[in-house]
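In the two complexes below, subunit A is the common chain; its partner is subunit B in one and subunit C in the other.
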Partner chain A sequence: MTEDRSDIRRLVQSPRAKLIVWRFACAIAFVLAVRVIVRLDWATVAASWLFLLTGLGRSWLLAVVSIVAGGLAAAPLALARVYGPPGVRQAATALIESVRATPELMIVFWVYFTLPIVTGNQVTSWNAALGSLSVIAAVYLAEVFRAGLYSVPRGQSEASAATGMSSFATFLYVVLPQAVRNMVPALIAQLVGLFKTTSLVYAIGVMEFFRSITVTNNAVFAPYELYLVLGLGYFLSCFAITRVVRWFDPKYQLLE
Partner chain B sequence: MIAFKNVHKFFGPLHVLNDVSFRVEAGEVVVICGPSGSGKSTLLRCINRLERIDGGEITVGGTRVDDATPDIARVRAEIGMVFQQFNLYPHLRVLDNLTLAPVRVRGLSRDQASGIARELLAKVGISEKETAYPAQLSGGQQQRVAIARALAMQPKIMLFDEPTSALDPEMIREVLEVMVALAKEGMTMVVVTHEMGFARRVAHRVVFMDQGRIVEDATPEAFFTQARDPRAQVFLSKILTHI
Partner chain C sequence: MDWHILWQYRAALWDGLVVTIWISALGILGSTAVGVVVGCLGATPSFFLRKLTSAYTELLRNLPLLVKVFFFYFVLSMPTVPAALLGLVLHQSAYIADVTGAGIRSIARGQLDAGLALGHRYWQVFRYVILPQAVRIVIPPMTTQYVAVIKNSSIVALIAVQDLTYQTQEINVETFRGFEAATAATALYVLVAFAVIGSMTILQRRVLAR
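After this line comes the complex of A and B, so read on.
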């Protein structure tokens, strides 16, 4: 009798049995989820699909423009912090650290509300959104670039210098390609983070994805449906970013 | 070919090169040895100014290479260097590791540089690996590629900084054989190493350093049989018992 029970226990604890149980649980969860989702009222959401898609498009536009502008600013910022002469180096460090150490939302508010006081010109919420997101992207990407530059061992630039390569050629052909590849994981994390940060400009009235979901919900009240769409929209966007970055450099794991 | 005149170098309070003077003539093979921390790698790295000096004068082929030289890259192009950790470019294939500097520094066409590179790879015995990445090679193969990379610039001098110290015993031989062949061709070589068998076989002179000073500078035969300095005798007694 006791022998039989231990046999059963062994059977249940075998990896194969665990896998079957796990798959079974997943299948049940999936069926239940589908049943719930199907029962929701999708007609109201479907009616405003164009509005929501436009919002998502705006989020993408904000992300792409701020990442490109921020990335362009980040490169000199990182170079200044790593290779810059005294003075320039400290200035770059101070800028990066002060923006990083304050809430992103505060940067958005500063650009939108305070810049007009300084310049005397009104800033549209769209421009303020682009400006503040670019600043945020610039400092975070600068730190990713800097980490990438530091990740290349000193021996690499020494070996290159020893063959008579100029410091510029050494940077361009030896340090930079390796730095870029070492950056990929941190870059993915940062770009995904920046995409999600675009939702902050909701606070100054830009009709991006998050705000268009909220506005729609205020009109039709369908929170379950809309917040499912919200989650799915951000998930698919961030997943796409991850894939795109990897697609640019499928061989980066060959480094080690 | 290489001349040190009263060279001093400090790392903070540490006097790593203390009044070092020595010469290497064209075609000579000089082995530098000594206990760790004695300054031998630093001395080697001063020859192509990977380290700056704090006093004295260094000339290579008649050109000053201390701070007075504005265009150090031109001098470095004539001096090949091989490192303990190989330092191959991991993002480039073997052939591209060899052709990078000849194309960018010497201005050779890619075809010309590849031709030279293939000859050198054949010479160090790894022709079949020209499209591999460094990570796909063994340590011994990597170091032989590194030697070929240095030779691709057709240098007049070759510097070796403990080229076999990071290798497994069975790979040390294949690297040393390449170095012996190079020495027999008449290359001017300065080699920091503990491989006393290599020193005995091909070195014209053995330089022994301790605490930043050159304390012995002799032919291998004289060095191994009648080292005068007591520190050299201690060093030899420790290291020769293992040969």
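After this line comes the complex of A and C, so read on.
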């Protein structure tokens, strides 16, 4: 009899049983959530689904375009910070650090309100959004590139120098390939942060996902339904990117 | 460019700076309290605590701060400052929980096993063996998180909390001197951030000296 009981206890405390209990609890929570969600009034929201989907698409477009543009700008910045001659190195460091210490919202306002004053040309809110998000992406990616370059052990470049390779060849054939491989997860992880940052260009009137939700809410007033869509849109987008990062490196610590 | 405008609006900028410092300070305190507790619970051997805390951080980290702040303000109709603070604290606590958890997990598992083998309870080992070591590891990433709180506090201007960013917008609306105002505000933000970085560096030296 006592043997039976200890068997049961061992069964209940096994990791497998715990996982089953957890999955079961998640399933119950999911069913309850669905029951609540179904009771909400979806007719008003369903009418503007195309508008909302366009907004989500614009957010994705903003994030992807600006991470590509930012990446192009980040490469020379990172190279200047790591390999630049003394003056250039400090200038790049100062530029990267001061932009990183500035609130993202201030950068958005800065590009939108002050770029026209400085250059004398009108800037559309879409271009200002792309510009400011690219600046934000550039400085953060520059740090990712720098970390990637530093992640290659010194012995690698010393060894290739000892075999008689020039410093440029060492960089191109030895350091860069290893650095790129190390920084792929961090690069994609930056997209999570940037995708969330796209919500800030709401403030300068770009009709991205956040603004399209608030505009719809002003028209039909369905805050619970619309904020649920808003949360799901951002959560699923960021979660998808996170999954991609984990696919590259299951142990990657996501900190943007 | 007309830098006199800054002197003319010095009272507005000062008020904004005071609000930004207040919101940031309360945000830092709140998110540290919540984040450290969640992070410590997530680092315990308990399966369910680990799952629950990872659900908490996954959910909060994958939503923009703006969504949280607007949700509390417009959907739950909270007053501006509590909505802003709650949003800031929930947002950053998820990151701080991850930083704390990573710091605790970086302490070798053998330390915990050795403590348990000596007959101590989990909480005793945690308090006297793991925590003192984890604090040293966690301080540098915590500084990054605190600077992030200061930066993120600018978002509360969008629900009309009259912080530094809000005052910058006011000056821009009244005088079209957005460039000067934004420059001054950015300089002030960087100053506050450097003050936090400096004090954390001093704290780290004192902790390491012990």
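Methods note: the second predicted complex is superposed on the first by the 213 of 256 C-alpha atoms of A that agree within 3 Å, B and C clash if a C-alpha of one lies under 4 Å from a C-alpha of the other, contacts with A are read in each partner's own complex, and residues count from 1 in each chain.
The criterion applied here is as follows: a contact is a pair of C-beta atoms (placed from the backbone, for glycine too) under 8 Å apart; a residue touches a chain by one contact, two chains touch by 3 or more.
Everything quoted here is computed from the prediction, not taken from an experiment.
Asks: Looking at the overlay, does A:T163 come into contact with subunit B only (first), subunit C only (second), both, or neither?
Replies: A:T163: touches subunit B, not subunit C.
Asks: Between subunit B and subunit C, whom does A:L149 touch in the aligned arrangement: first, second, both, or neither?
Replies: A:L149 sits against neither subunit B nor subunit C.
Asks: A:V245 in the overlay: touching subunit B, subunit C, both, or neither? Say first, second, both or neither.
Replies: Neither: A:V245 stays clear of subunit B and subunit C.
Asks: Is A:V192 touching the first partner subunit B, the second partner subunit C, both, or neither of them?
Replies: So A:V192 only meets subunit C here.
Asks: In the superposed arrangement, does A:Q178 touch subunit B (first), subunit C (second), both or neither?
Replies: In the superposition, A:Q178 touches subunit B alone.
Asks: Which chain, subunit B or subunit C, ends up touching more residues of subunit A in the combined arrangement?
Replies: C
Asks: Looking at A:F235, would you say it contacts subunit B, subunit C, both, or neither? Reply first, second, both or neither.
Replies: second
Asks: Quick check on my understanding: which residues of subunit A belong to both its subunit B contact set and its subunit C contact set?
Replies: 254-255
Asks: Please name which positions on subunit A make contact with subunit B in the complex.
Replies: Residue list for subunit A touching subunit B: 153, 155-156, 158-166, 169, 173-174, 177-178, 181, 254-256.
Asks: Provide the residue numbers of subunit B that touch subunit A in the complex, in ascending order.
Replies: Interface residues on the subunit B side: 48, 50, 73-81, 83, 85, 87-91, 100-101, 104-105, 133, 135, 146, 149-150, 153.
Asks: Could you please specify the touching residues of subunit A with respect to subunit C in the complex?
Replies: Residue positions touching the partner: 15, 18-19, 22, 98, 101-106, 109-110, 113-114, 117-118, 192, 196-197, 199-200, 202-203, 210, 214, 217, 223-224, 227, 230-231, 234-235, 238-239, 242, 253-255.
Asks: Subunit A touches which residues of subunit C in the complex?
Replies: 47-48, 51, 58-59, 61-67, 70-71, 74-75, 95, 98-99, 102, 141, 147, 150-155, 157-158, 165, 168-169, 172, 176, 178-179, 182, 185-186, 189-190, 193-194
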